[in-house]
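Both of the next two complexes hold subunit A, though its partner changes from subunit B to subunit C.
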Partner chain A sequence: MSIKDILSPFSAWKKVIKDPVTVKDPFNDRPGAPRYRGFHKNELDKCIGCGACEEICQNAAIDMVPVEGIETVEGDSGLRPMVDYGRCCWCALCVDICSTNSLTLSNEYTWIDSDPDVFRFIPGYDKKEWDNSKLGWTKPKNYDLNTYERVEMKELHPEERDKSFIEFVKGYSKEQAEAEADRCIDCGLCTATCPAHMSIPEYIKAIRNDDMEEGLRIMYETNPLPEICGRICTHKCETVCAIGHKGEPLSIRWLKRYIADQVPESKYKEVLEQGLEITPKSKKVAIIGSGPSGLSAAYYLSRMGYATKIFESLPEAGGMMRYGIPSYRLPYDQIDKDINYILSCGVEIEYNVKIGKDITIEQLEKDYDAVFSGTGLHLGRSTRIPGSEHENVFFATDLLREISLGTEIKVDEKIVVIGGGNVAMDITRSLARLQNQKYGKVDVLATCLEAEDIMPADREEVVEAREEKAIVDPGWGPKDIKIENGKIKGLNVVKCLSVFDDEGRFSPKFDEDKKKFFPAEMVVESIGQGMDLTYIDSIKDKLEFSDRGRIVVNEKYQSSLPWFFVGGDIIKGPDVINGIANGHIAAKGIDEFLNKK
Partner chain B sequence: MKEILEKIKTKYEVTDVLQKRADLLFFTIDKKMVLDILNYLKELEGFTHLVMLSSVDWLEENKFQLTYIINHPINKHDIAIRVDLNRDEATMDSIHHIWIHAETDQREIKELFGIDFPGSPGVDEDFVLEDWDEIPPMRRDFDTLEYSERTFFPRDGRKTYDTKEYMKSKLYPDDKQ
Partner chain C sequence: MFSIKEDRSKFPTKKADGTLDIDLDSQKYVKIWQGPNHPGITGNMALELTVSGDEVVQSKTHVGYLYRAFEKLMERRKFIQCFPICIRMCVPEPDINEYLLAASVEELGGIEVPEMAEWLRTLVLEMARVTILLRGVPGQGGTMSLGMGVQWGVYVRDLMLDRFEELTGGRVYHMYIAPGGVRGLLPSGFKDRMEEVLKKVDEFVVDIDNLMFNNAVFKVRTKGVGIIDKDWIDQYSVVGPNARAAGIMRDVRKDYPYLKYDQLDFEPHTETDSDIYARSRVRWHDLQTSVDLIRQIMAKMPEKGEIRAKTPNVLHWKIPKGETYQRIESSRGEYGFYMVTDGSAYPRRINLRGPSYNSAMVLLEKMLVNANISDVSSLMVSLATCPPEIER
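Here is the complex of A and B:
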């Protein structure tokens, strides 16, 4: 200690008779500057509880806590930030990074209290006098801590792609994938919405760390079909992405594809089976159908040590992924890559065998300890309008299957597709390609009941179909197919005013005076698919069915026959990721069932 | 301001010229020429007032950037002169003899960025920090969060929830995935 340190307290005494420099003014407020960074405000209903504020805080001043009255729902964790002002330094990074701009700072900075605990509170929830203050710090315009635009995905130009079935989405390069992955704030809101609850932030982090093998391992924990999902997943995760509130959500689907694309098939065993020990079990499981749910169930059962065998009625595995989705969206070699690995894990498969015809369901029950069925929705549904029984009226699912089987299908010069879902867009775009190959021009029109803004198909599908010169004219109800001298002339439609009634039931209303005629020689119906359950006719009495004709299953996808588990599109969906999810859950259910047996 | 810029260009090599506003001009100049140009602009061109001296740590480029903003009180013009310093040799000539109050800026920058200004009065004295024995806190390799965690005790009763785990407990608790 220096002499100065000892003397300095006394040197203060010399100022005792001087006027103070500061003036106490009890009558006037001393407001902060208009952009002063004072106490926090939070618009609770705008906040989604992503925790970006907590993550960025350099003083660990923020905790994410449950708040009464805020429910946890998809896209909102239900948590809200609580600030500890013993640590906050008012730097406002939390405001600048806030995913929804709900968090701001008021310009209020004076608050005196003898209880230190009052300085920890939940802005917006614990009411404060500055909650409605207009002044203070908000995120400045023209400045962002994150990037809110996607890294653009390169695609083949419509004119390069509209004649062939080669894949048109090119995939990210390393630089592109890393730049896109950099936008992720690791909040994890997406995981709850993904039907398979994939560890999305974790595999995106693997991209940032340039560790594709780790990324692949993370994906296989919940999804054994990453090449496929990386291309055609319905990506519900992207709809809740926190970044989507201020800009474009992360391209989660393309990032998944990027990881799977980087690891060659020859390395899968080494990467995924490192240190893996499987104790073989004596029990056997039969799986009907090699679609996403069947493959997923088979993969996870084989990992648990069960001998599994898939029975597939078609010559190759994949179900709707191979026979329903055109190869320009999902190339066959990528389907093979995912499936080959599953089959290499000891999953047996028998092709061209139909349960109920070649083998009875009773036989399966006898030969196996449990059965999982994921037979999908392969039957086309008809509009049943006059003329729909004509031989030149086809179901989209049948045509798509024929195309995948390599059979030449009938392609006329003028075609109308009835339907506005993804399957309708798939067949429209496939037919456009085939017309281009055959006639050198495209003349296919898709029409559906739903107006443009409520079309069930993914937006990009509609846009891309139009880029490929197909016409999409939504909002019309099919009336009848005009036939002259045994030949189709076209489709008569009337304006559709609404599709659903006030209670959300399907009940289309039409304006019969507004008519249109779409000339065509061939009509394709794509208004939904049905299931063929004839293979379980003999056990039908022992099963429970819902009002809508679906088999009733418990949360583990077990039917009222304990050995019979059902999943895939015939239970939930329809889409690939739901199938993968329920195949996985069913596998766990089968394991529990067989352990008790 | 165009005129003064043309004049400067005949005497000095300046880069990254940016006319930010009609009355605000930015440019970068070599470290060796800073004193010279400041003297020239003050004594001969009427930029008699030093508004401020600030620093930025460009960690990735291994450099510090100092910005001297000087003002022409009659024309009401500002010039911001930038200079890059190698991060490994964080030393700059002092300008306290041109503007006495620069010693305060320099003392602050010394403390917060660790850039030395040899000869600047009191440059080694504490500015706002007392007994600081970490690396200068405004350097970007200073880990603020780590320092806070180490230095400040958390208040009792603090608890935070992981977004993903919390959503799982609320929305799909039975699912072991």
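Here is the complex of A and C:
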């Protein structure tokens, strides 16, 4: 103890002459820091209602609720987050995980109200003074709680694949599939958009849990063709995937394929029929066509106990899946795997039988209690331009069918394909392979009305076609096919300025001054497909048709003849998943109809 | 002068079963409850004191006023969801919990955190130490009604909280160190503003030295009072500043370096007297060490870099089966998380090992015997007990 110990504390007196450090200013707010985690803001238009914020909130402070003025549409659940400030701890995990970066926090932190209920509010919808605040917490840069890049799918190199029809997409390994499945946030926007409403987050979860059998069971609840869909589905689910807003959407199609690939055909019965009890029913259903809709309807009807028989005009089942899609995209053994299982469930099939020719539709009505028709779009459509009647002008659908049937088709050295859809790309790539086999080089060009950015074909189809040395030159309208001495010399085209009018109707406009000539010896038309309904000529009078010539059906795909159900591409699509979906719905409709009968 | 050596000649005798023979009806003893709400208790905790005159003859620590089941709640939360919860296990120094959770998850999940994130974590942990010591050091005087230093500390602490606010987005609960990395780089101009605060801390260090440590009253009340016998250090797992005040060098930053501490030049302070004064003095030195460390970190850390390692999607982040014990030097000494995982997306068990449990539940009861009743708060604060950490 010293004298210093007595005097030293008095040094505190120096503070007397210093300014006070507290500020008496009740009127001016002290703004929060630019990164402050204050009250929530939400850009309602940007938000898609995926519910990732609700999922990650550890306080259960967020509920997804319907909001007036926001409709449920594809890719938007129509729900928006409602935050309960009685529970929120302002951790901002909801902001960091937000799929669209629409949810942020302002730097505002004072809110006084006598009504406790107001502190449960819908940011962005319930207008707040901080809605336009520029500052506050946003997702930090380079800080992601999820992966926004796809696991790359390994494919055969273009030079390895451009001569053969071997499947070129290799499929995911276990590690790749699990990593891709991990990116899913279980929002279910995909399920809502998928025509078949497949339980996508659930089967993706099965991949994460490495339970392929469970995954297969989940898929078969809504889709009996997973091997096929896992390869060639138009994956509408991926276009609405929430992850796609900040990065690349999940490869849902490849994940579906992964599950189906992992379970061998020999185990299907054991996996899918565990504990299954089917009470056989006395009624019989006839299915016309073994495309996706017919197979789907047959499968679900057989599960309900109905005796089901498919009538197929071609030598093998699958419809356009077998006779329209090249085997490098969808190998025949994979089609067989799905179909074999359906046939093993008691579905009968008779090949090479054409309804309307071998058996009349009246006979079917007489022999069966209900009929489902899914005959598809097998007819080609012509451009009807001068020269299109030449013998060296073909329809893509015909050529693809011939290739699948194993018939040798005519392949010239220079070919032009007219069309920009997936079928056009299929025939272009198939012809490229055949040219390569025959001539050792590729000289096939695809052209279409649509510009590159609005081509109806899947983007990867166009890219892959080019990788295989085919030329894709979009944005041209076919004028005429130049013929000299009875031989095709090429296709004259003019620049297409627009395809649709302001009301969205097909009404192409051309710049006649901008011309181009594509030399060719052979032309393939692939501008759409038509349906052959001659087999129902005898009942046409009793059926109702729309202005566009389609059979009118109700929501259960039942036509104006109660026993006659129609589905597949001739009603909706054209694509496989729509066919599967309406085949399934029609099966339920048939069940309802037969129960009342 | 008060001695902690047990002199029971004038106090209750022991019964055959070893308990004290205290007959309250004799009016020789009075039971007094200090807490659960009491200015001298740093949180909700109660001391059941039996006093004879103004001397404590028996003390019993009661907890149970603050139990929030955070460890259990975390078993029902995904790993990423735990970090907004675990911080509440030590309110005045939340960042240590954030770090331990992250370090445990990263260890078991095989995640390597980017260099930049490690520097930022080190910085935040030292800022947190400064923040708590700005209350803890003058708080020792506060237990003896020397409240002025506490006010000064609160002011400087608020300036440090401003820095926390601009870096992390929060003042008290920072939620900055998340499994996988940290949630932001330094804002522009941060280092300059931090230096201004550090200068204020430097001033505070001098002021508090004059006000408290060179103060006759403070010295009388703290020197030779509340001595932790050197033999008790290991016996009661005394760690950190309390051990260093007894001359035993114990600092996780040096003994088991983590983050960037092995690249920083510092020497934790030790004293020998092991009394309240020595413990306060060690903390006062710790405050200066932390200030120096913050300056070193800001000088050595890179300007830019990745702040988060690539992790699986946090919504289904499964951590492989395993167990780990991660430790850190908190302002009170070794503080650790024992985490067990079972391969699922949820922790199987998280258990906190904090220094306050031993201090308050065992050591304090022992030290309070024969203490003057006016020294009870002072003794407790000198051990830096933190009730939210004792019961989580």
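Basically, the second predicted complex is superposed on the first by the 569 of 597 C-alpha atoms of A that agree within 3 Å, B and C clash if a C-alpha of one lies under 4 Å from a C-alpha of the other, contacts with A are read in each partner's own complex, and residues count from 1 in each chain.
Definition applied: a contact is a pair of C-beta atoms (placed from the backbone, for glycine too) under 8 Å apart; a residue touches a chain by one contact, two chains touch by 3 or more.
Since the model is a prediction, treat every value here as computed from it, not as a measurement.
A.B. asks: For A:Gln58, select first, second, both or neither according to whether it touches subunit B, subunit C, the two together, or no partner.
C.D. replies: both
A.B. asks: Please indicate which partner A:Leu189 is in contact with in the superposed arrangement: first for subunit B, second for subunit C, both, or neither.
C.D. replies: Only subunit B; A:Leu189 stays clear of subunit C.
A.B. asks: What is the contact status of A:Ile585 with respect to subunit B (first) and subunit C (second): first, second, both, or neither?
C.D. replies: first
A.B. asks: What is the contact status of A:Asp84 with respect to subunit B (first) and subunit C (second): first, second, both, or neither?
C.D. replies: Touch status of A:Asp84: first partner only.
A.B. asks: Name the contact category of A:Glu43: first (subunit B only), second (subunit C only), both, or neither.
C.D. replies: In the superposition, A:Glu43 touches no partner, neither subunit B nor subunit C.
A.B. asks: Examine A:Ser8 and indicate which partner it touches, taking first as subunit B and second as subunit C; both and neither are also allowed.
C.D. replies: Touch status of A:Ser8: second partner only.
A.B. asks: Quick check on the output: what are the common subunit A residues between the subunit B footprint and the subunit C footprint?
C.D. replies: Looking at subunit A, the two contact sets intersect at 58-59.
A.B. asks: Using the touch definition up top, name the residues of subunit A that touch subunit B in the complex.
C.D. replies: Within the complex, subunit A contacts subunit B at residues 49-51, 54, 57-60, 62-66, 72-74, 77-79, 84, 86-87, 116-117, 120, 187-189, 191-192, 196-197, 201, 221-222, 555, 584-585, 588.
A.B. asks: Spell out the part of subunit B that touches subunit A in their complex, as residue ranges.
C.D. replies: Touching subunit A from subunit B are residues 144-145, 148-149, 152, 154-155, 157-164, 166-168, 170-172, 174-177.
A.B. asks: Show which residues of subunit A lie in contact with subunit C when the two form their complex.
C.D. replies: 1, 4-6, 8-9, 11-12, 15, 21, 32-37, 52, 55-56, 58-59, 89-93, 96-97, 105, 137, 140-147, 179, 182-186, 208
A.B. asks: Which residues, counting only subunit C, touch subunit A once they are in their complex?
C.D. replies: Touch list, subunit C to subunit A: 77-78, 80-85, 148, 152, 155, 162, 165-170, 173, 175, 181, 183-185, 187, 207, 210-212, 214-216, 219-220, 306-308, 310-316.
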